[in-house]
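You will see two complexes here that share subunit A, one where it goes with subunit B and one where it goes with subunit C.
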Partner chain A sequence: MAAPLSVQVEFGGGAELLFDGVKKHQVTLPGQEEPWDIRNLLVWIKKNLLKERPELFIRGDSVRPGILVLINDADWELLEAGWGQAAPGRQDGSPLLPPFLLEVLGPQCLQQLALGK
Partner chain B sequence: MCEVGEDYREPAPAGPPPPRPCREQKCVKCKEGLPVVVIRAGDAFCRDCFKVFYVHKFRAVLGKNRLVFPGEKVLLAWSGGPSSSSMLWQVLEGLSQDSAKRLRFVPGVVFADEGAACGQSPEDRAKTLAEAKLVLQTVGFPWHIVALEEVFSLPPSVLRCSAREPVGTEGAYKAAVDSFLQQHHVLGEEKQSRPCPQHPQGRAGPPTAGQTEALSRLFNSVKTLTAKEELLQTLRTHLILHVARTHGYSKVMTGDSCTRLAVKLMTSLALGRGAFLAWDTGFSDERHGDVVVVRPMREHTLKEVAFYNRLFAVPSVFTPAVDTKAPEKASIHRLMEAFILRLQAQFPSTVSTVYRTSEKLVKAPRDGCAAGTPGPRCLLCMCVLDVDTADSATAFGAQTSSQLPQTQPPVAEAEAPTVSCCHSGMGRAQHCCRMEADPRACDPRACVTAQLCYGCRVNMKDLVSGGPSPAREQAGAGLGLRLRSPGTSGSSLLQPSLDPLPPYILAEAQLRSQRAEAEQEIQERLLEAEDGARPGATSAEQAHEDGARPGATSAEQEGADGL
Partner chain C sequence: MPAPRCASCHKARAALRRPRSGQALCTTCFCASFEAEVLHTVVAGRLLPPGAVVAVGASGGKDSTVLAHVLRELAPRLGISLHLVAVDEGIGGYRDAALAAVRRQAARWELPLTVVAYAELFGGWTMDAVARSTAGSGRSRSCCTFCGVLRRRALEEGARRVGATHVVTGHNADDMAETVLMNFLRGDAGRLARGGGLGSPGEGGALPRCRPLQLASQKEVVLYAHFRRLDYFSEECVYAPEAFRGHARDLLKLLEAARPSAVLDLVHSAERLALAPAARPPPPGACSRCGALASRALCQACALLEGLNRGRPRLAIGKGRRGLDEEGSPREPQPSGPPTSEPIPGF
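On to the complex of A and B.
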């Protein structure tokens, strides 16, 4: 049983267009059976924060290719590769602990080609 | 992919720790810092090493190519997006470094306001402009804000390739740097402060409502998103070129990143621009002659750019584009982008492989062209024409003959000689609409199309859609250019119209076709004169003929210059 978790989510680089233009969201994830992890968080964001065009944000279990995700100012791919230090304050065995900042950058896909942006 | 929790649910190991990725890894470079970003496939860098890596790449690209001479005026094309903002910031930081490593050119910034093409409301445009101005003032270089509507007041000379001074050799570059450094020492440090007096150039004034409407009409008349994007690119290039020429900039730097160029390469192939890949995606693009377009960000992936901007607070302005929020299959550009990005997610070396392939492309002159005499250039993209009229097996041949059934009967007469009479190679490509009768009776659309490369022709098909005749007349009058249209009044409702195009394109097209016709006429008259002399030619007449040739050439030249 996971306790409610307070998370700050920021969108930038065009991603905010899908969230009514609001860049910063302070959310409180409700308590639930399973511990919160990134996948659950994304699903929750899609259900509760996303205002339009889910296919431009989520693809399957993860974000659409081209979208960058930072967790506490570090690349989330560090987590995937097992570089656990990316989320300081985390302890062995528990997925997410506050303070937690999820930042979604991009999608660069929404921006234009050529004469580079 | 992102089950963060699951790696860490193992029970405490009884024996030696299992060989899972170690949590205590450090930056691969300095082995000390906390990694913040993963570059390429699996290299984690800490913040400081990442910054060094990023800046070094930028300087290395500029230094390796040795095209930007010290003291040269360089125009930075800033769109507000991450890559060009990053480029701007790199230049800013590079100019303020200590003298040994300092960048040595004189920058200016141009920002093109494209809100009208993207359907933005005037309030949103004003807001974007205000944000842009803030950033420009922070950066401090001389800046120019231009609205895309200004394409309607461009002169036709923007489409002409000006002769340029020959590019310096290696020795010339070194000599230039040395002399610059010498001057620097003589004049002293203080005088060589950042070369940017705080004189923002500003803009000529907001575009008129009429121009905005004309631009909207132009973009609304385009049938496909692909053609819209290509048109926007073309117009933007012309506009920036014009700004550069007007203010004396000899180089333009654009912020195309590695990812964008990889997508652009594939997109260009799909659009039929394979002949020009080296110019479209290479480091330097000299097609305009006097102004060279340079791409210093071409080795930075979008991910690196985005992370750098985020970590080091590089300001940027988000501007929506024509394809913002468009679905994946809305245009070729979007499709290619989705394809490459998706592939990149699974195979992280995709973008770099495409990039390395593009590095190998060589700019070779077209076969058959005499060395030093480039063939005719495309009206819109200004690359050397790649169409071969003699080859009816190519797509060009198919395209030309496909124009016949679609056009009205009077126009078909003009088109028919195209396929049959233009044998002798590229030079004739512009003469296809010549008729024995009044040369102005040729279809203006065919005149323009004949002067385009294959890729631009394909776009032009989508560009020029039909419109009701009275509005077309008004538009023609409003733009100050009247074109004779061959269609009868009954069928003109569906007649494809060139009127929405900016006048400089139409004017230049007309000029070129008139010039081509005049040259053709002169050639034919000379041939007639020679034919008249031919029967019973003696050696004396032969000599006369030969003597006539050089004279003929100069007469031709005079005729051509007289236009």
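On to the complex of A and C.
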């Protein structure tokens, strides 16, 4: 059982184009059964913040290759032991602990947007 | 899982792992390491000797922003002076915003800025006009073929105007690796042969060119810009970039996820290639119209413009150049691929 959690999410490097151009989002994740971790945070972001082209943001269980994710200013690959595409067997991320800043930088988004794919 | 300690200073928490070495570094040590690597690239390759007047291709994008920022930090140590050169392709809306970013940067860094416009250099042909001209031929993406070639020429011209001795562009390891993949996939031995190495020495009167960020992966460039809070322009060109590079990029990203050093390894492999004698391209001559380096009678830029001016924009695109009335047929054997150029992704 997870209590509501306050998280700051920032998009940059072009990723903000998928979120109506809004870079900073202060969100409160609702209380729920499962503890909040990166995986379900991403799902929540896709459902509640993402405005267009989900395929440019998410691929399978993780973000699309080329998109960078920072958790409290550190590369998530460092923290999550390569969670996501490099370790496809891994199911859960570490639980999110406040203070929590998620930053998504997405240079790869742009080329794909322009390609009209 | 808490972040490990920085492998360099052992004090701060690590922020990332460098792709090549796997070393975990904090933001401060990473930025220092990034800058030291660029310095080493330039010094070891003798790319920018003391006294060089360096024209920096500035698009306002992340690569050229990082390039200009780092070179500016290193300039006193290298004994070079910098001059920003921005190319205005004449793409309404998009380029204005990008140029505004470059102007902000020039003011903040106190660097001289020169803007060179396609309209002025190429007889009124802006990219918007080229796109309209090529749209009728059914393949709108071919306007990007023009842009890559013309932008290179425009940057060269801008560099000359400011009295530069060298030209630098912000191509990173990912750009280089994508180009290597594309050249392999298209069997373009000529470009594979020319593509390796850190810079072009400047044959045929062209200014020497190099890419100091060549050994930095795109991810590191983005993170460096992020940690240093650099202001850059991150929207993409309104005209669709060539589809093929997109495929190479996707493949590269998948490879990188499985093996982080793959990007750099690919670039190093290409540098070490030796072509079989039959595959080597013929020595280039000079363009009959403008004197620039060319492997045929007309250089790419002149051939493309000729097609545009005749109202037949696709004239110089593709494997042949029928109708251009060039002197002599292509030399036997024909090792090089089509005369098209992949759009160079930004500076």
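Throughout what follows, the second predicted complex is superposed on the first by the 95 of 117 C-alpha atoms of A that agree within 3 Å, B and C clash if a C-alpha of one lies under 4 Å from a C-alpha of the other, contacts with A are read in each partner's own complex, and residues count from 1 in each chain.
Note that in this section contacts are C-beta pairs under 8 Å (C-beta built on N, C-alpha and C of every residue); 3 or more make two chains touch, one makes a residue touch a chain.
Just so we're clear, the structure is a prediction, and the values are computed from it rather than from any experiment.
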Partner chain in contact with A:74 - subunit B first, subunit C second, else both or neither: both
Subunit A: partner with more touched residues, subunit B or subunit C: B
Which of subunit B and subunit C A:66 touches, first, second, both or neither: both
Partner chain(s) touched by A:17 [first = subunit B, second = subunit C, both, neither]: both
Set intersection of subunit A contacts, subunit C complex versus subunit B complex: 12-14, 17, 65-66, 68, 70, 73-75, 77-81, 84-86, 94, 103, 105, 108, 110-117
Complex interface listing, subunit A residues touching subunit B: 12-14, 17-18, 35, 37-39, 42, 53, 55-56, 61-62, 65-66, 68, 70, 73-87, 92-96, 103, 105-106, 108-117
Subunit B - residues contacting subunit A, complex: 1-9, 20-25, 34-38, 42, 44, 77, 79-84, 87, 229, 233, 236-237, 240, 254-257, 259-260, 263-264, 267, 295, 297, 302-303, 306-307, 310-311, 318-325, 327-328, 333-334, 337-338, 341-342, 344-345
Residue ranges of subunit A touching subunit C (in the complex, touch as defined): 12-14, 17, 65-66, 68, 70, 73-75, 77-81, 84-86, 94, 103, 105, 107-108, 110-117
Subunit C residues within the subunit A interface of the complex: 1-4, 13-17, 24, 27, 62, 218-219, 222-223, 225-227, 234-241, 243, 246, 249-250, 253-254, 256-258, 345
